[in-house]
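Just below sit the structures, each encoded as structure tokens.
Here come two complexes built around chain A, the first alongside chain B, the second alongside chain C.
Showing the complex of A and B:
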């Protein structure tokens, strides 16, 4: 931020040293420069002394005149700092359809308040709004509706069906605290509906297929998560979802996964390398030949060196641990629980991997496991267990998906709080 | 649906069908809000003049029933099977299966919404179990 400097002559005065000592001043004095705590030099009348304090413009006015020794003159420095209402932007890459996913519900529950579609608007809106959080579905930035895609023979996974310029423009505007008119993609009719107004929230979550695809949008994200479901688990979940209805068969479900795979691998999968945390859902290794997909092995791959984010660990950071919590202190039912933690490299990045295989059966197991995890960013002992129990009817509440989604939610809260704390400390330092 | 009632009494509710909008993407079906205006009195003679402001409700999932969505899913399934008969790796085949996937996901969400919408308290408590209305006392 450039400060227009109107300083004419230097000042001589003694600043009240206590208040200024906290400032990191990068002051531009014109003319003679005097030390901060100097006293009693020649009294030239001070004009405006413009200082740059961490990017905010501060100007001071004061009276010149004679300063005798021993007279302390406090300068009034007024900083024209616009209170920066910073919006924290989180990206979530997921294939499961927007906004209604379990992950979103857990996340909004951690921040408090139920997330609801905007009142009085289009009932087919994909947006969810709670007190602190707004969740935007990236399907709304489709440039081609269902009929357009059929015509051009392009799937929704293809970047050609999405308007990344608009996505970047609007996410940037929201991040800067401005409202936007966001289009609505109606999943029922397959058409693009008239836009809805989105007000800038404290936390903006963009969920969809391409949050990290475009480089500019990626640069706006404060934290990003990729939900990676393996094909076997995808297949098992889709069977559970669709087989109850008529007309679906195993073959058609397999065919639909197979047909989307080329586009998925080309456009969606590569986003994994940019994510700060990847949650991988794989079939269990505890039960040989399990194809029901009920018991899951879930891995959380956490990038090292991300600002405000410390990976969760077991026992000690950087070591490799294989841990079976069941034993004398804890009895688990079949197939039990198995944990792994260790460092690794992932797409050329240094990462730490925390893995859980198996299922939770009782409250005791949950609290026991929680008490041995470190860096979980909880506000009090037992917060993870409380969150998991609170949503005991959500899918995944008894296995690693629920556990790691909850941990990811707590980490996001931690990132948000630390960003806010940084902003506040900048403003505090600017005050004199 | 249109009924216009004129009376000499003071305030009258007027219902009128919503105008058909010319925008191709949005079809508005029913009236959702009507404002009434009190008539003006001019001297001895009462003149009722009414202003009708009708806001149309955008057509949404309220109109689309579960059966409609299920029918769409079934249709897209048939289409996908047809398109992929010749060549399974072609682009139109991928697009057809993508469309089926989108509709199946929407149908599943609609089913979940229906389950929750049957009891608004259940829906609220699903997301806010800690509030007073939702506390459950179990021995």
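Showing the complex of A and C:
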């Protein structure tokens, strides 16, 4: 479907392509010029991009494009921007039941539009598609279904239960702008369902147990995050979900955690050394001997020297700070809030660590905190607070999990925009 | 001595008196109009004040006036400013050998000009006079000389060895712009020498053991500071001075400290509850079990709600912060530097505490720290660092004692300027 926009509702975005402004050209988008598409429909592939005359460029295609921010009527000219060939690939590693889906909802919200399963497809599909982002679940690359795993006595965590060759091949194809026929692991039946077509999105998020396990897949990632939930918190969460909500016994929960642990430690945990950002969720230190898992201490460990990614900092970059914002200007209820920021090393890499212990009582506290954070890649003052408020009902919206997931989403948006800007500038230079 | 300046070297100062600019008037200064002077010479009393046309006003009298900062040639008009009647009185309490004289040298340096004993007077005078400041030592109000104290078995710390009636009378007179005949306690002979004339200065500092002991004297203070040296540090310093430099024995030093302690605890220490700022000097916490007293942890406890005085803060006013500036941008040698800032209570009063543990290796560290402090009442970026560098040879220039003494000096200057500005504005309003 090719769309042409004249004067249209333009969505502002920060891509800089001033050298092209006021040109009126037609363009193939997302690598379709090179004929790389291997399969699938390409409704989105040919589009006309609209550009505001102030040099800021935005896409306005079949889905309305852009990030849904600052939508307004503006004088626009249609133009051909340099074709962007790459799908930006983000890896998100975490155990099941660790808040990946909440994280994904926060992420797609930042990019605009709600995340939905593919239209008219398998109702048990694990894929989520939003305006710019497609999230695929790596469970879909299980080579053994539930019965196969039982038979061979391997867990889903075991690499032998997963097809890394296919995972690599398909992520690579999507990154190159080619559609793929991805299998579906049906979590309800435990069986492998017939494949679904995945079109190359602007941003592909691969989430699951092994996004950084296979060296080849890892090399495709433009940015990677590891959600690291401590055993104590994982246990408290599982009790909450499996015992309170699903009626499992405490003993069976303990047994299931124990059973998973050796494979988790062997195959999942080691991936965190490769992550650009690790979000650690730990019990609070504000309440002595707390093991309820309700108040959390959340740390974001951010690798230094990663292209397109500058770690967030508090007050003063590179020094070590403990900050209790609750005081004269901000009163917080027990047990209060405490932040930490400082340099550290993590698996031999230089990192910056930002930590929040405790939880927010109300909005004031978050905007107060946001105003003291730097390098957060927001587009306007208060964007983090706005996002957190928008999803106040999501789990973790009052603590560091929600805050750091939101920040991670903003950083991913920033990585994406900078990769695109670089790509365009290279292509534009090649034309001149 | 009356002096009139036309176009002259003007010293910029922050007094605002725009309503008077470009007027040319003659004025009596420092309360001389009201004929309050009781005795003494008044060479400084009648002066013409010069004012820069941009509305900033400065005095340019017999001693060259001002604070010696930013001296430059400027177009000036002579003008009559509202006569300022008050001498601003600052109290500084501390035990002997606790760095009062260094503090005074730092203070007078901030106000401009070196501090000297009164010209042509008793060579054993304890008084120090600089351009704007006169520092009198409260030992001069001893009612008992060394022999009298021995006879009656009282220490100099005992109120019975001091004449608070005379102290009050004379500080009150000076505050009202009247000269006084102040006794001199001769520290060399241990006797009371014939009195010396003290003219009412712009700023009178009364320093010694009891500036806040007597309620009447206390009520005269516009700002008060208590230098609180912990016993461990006092002991280390006394060993350094009395053993290494004066050849006293360790046992005699211990005995002298023990002998003073009961009276110190009874009469000196309780004054700190009245101080607007307390500078506490403690052993470092950066070196476990350190008792050398070389590396210091210095805290400035600043009372909230004091007129003309806003406590200094680090990063974020009213919250609690631990800051280790040494890291990626600033490398420090062992044991490093650590700052603390936060609200607290002190003798039932709300206070803000700023703490520095450790010492500076070099200039970079101080300017780096200065740039993160707020409410420091500097006139230009880097003034603290400039002052500390200027007196790099003074004791404590590389640690919190020098830093907080310098900051206290800047705060005193600020208190003085604001009292004057208020006074002028009241007098100007009365005229209109």
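Throughout what follows, the second predicted complex is superposed on the first by the 341 of 432 C-alpha atoms of A that agree within 3 Å, B and C clash if a C-alpha of one lies under 4 Å from a C-alpha of the other, contacts with A are read in each partner's own complex, and residues count from 1 in each chain.
Assume a contact is a pair of C-beta atoms (placed from the backbone, for glycine too) under 8 Å apart; a residue touches a chain by one contact, two chains touch by 3 or more.
Here the structure is a predicted model, which means the values were calculated and not measured.
Student: Mind working out whether A:372 is in touch with chain B, chain C, both or neither, as first, second, both or neither?
Tutor: Second partner only.
Student: With the two complexes superposed on chain A, say which partner A:342 touches: chain B (first), chain C (second), both, or neither.
Tutor: Once the two structures are laid over each other on A, A:342 reaches chain C alone.
Student: With both complexes superposed on chain A, which partner does A:315 reach: first (chain B), second (chain C), both or neither?
Tutor: second
Student: With both structures placed on chain A, which of the two partners, chain B or chain C, ends up touching more residues of chain A?
Tutor: B
Student: Is A:324 touching anything from chain B or chain C once the two structures are fitted on A? First, second, both or neither.
Tutor: A:324: touches chain C, not chain B.
Student: Contacts for A:260 in the overlay, against chain B (first) and chain C (second): which applies, first, second, both or neither?
Tutor: Touch status of A:260: first partner only.
Student: Residue by residue on chain A, keep only those touching chain B in one complex and chain C in the other, then list them.
Tutor: On chain A, no residue contacts both chain B in one structure and chain C in the other.
Student: Quick check: in the complex, which residue numbers of chain A touch chain B?
Tutor: Counting only chain A, the residues touching chain B are 96-97, 100, 105, 108-109, 114-115, 122-124, 146, 149-150, 153-157, 186-194, 238, 241-242, 245-248, 252, 255-256, 258-260, 262-263, 390-391, 393.
Student: Help me check something: in the complex, which residues belonging to chain C touch chain A?
Tutor: For chain C paired with chain A, touching residues are 315-330, 342-343, 372.
Student: Which part of chain B faces chain A closely enough to touch in the complex?
Tutor: 23, 25-26, 58, 60-62, 64, 69-70, 73-74, 77, 80-81, 84, 88-89, 91-102, 104-110, 112, 124, 126-130
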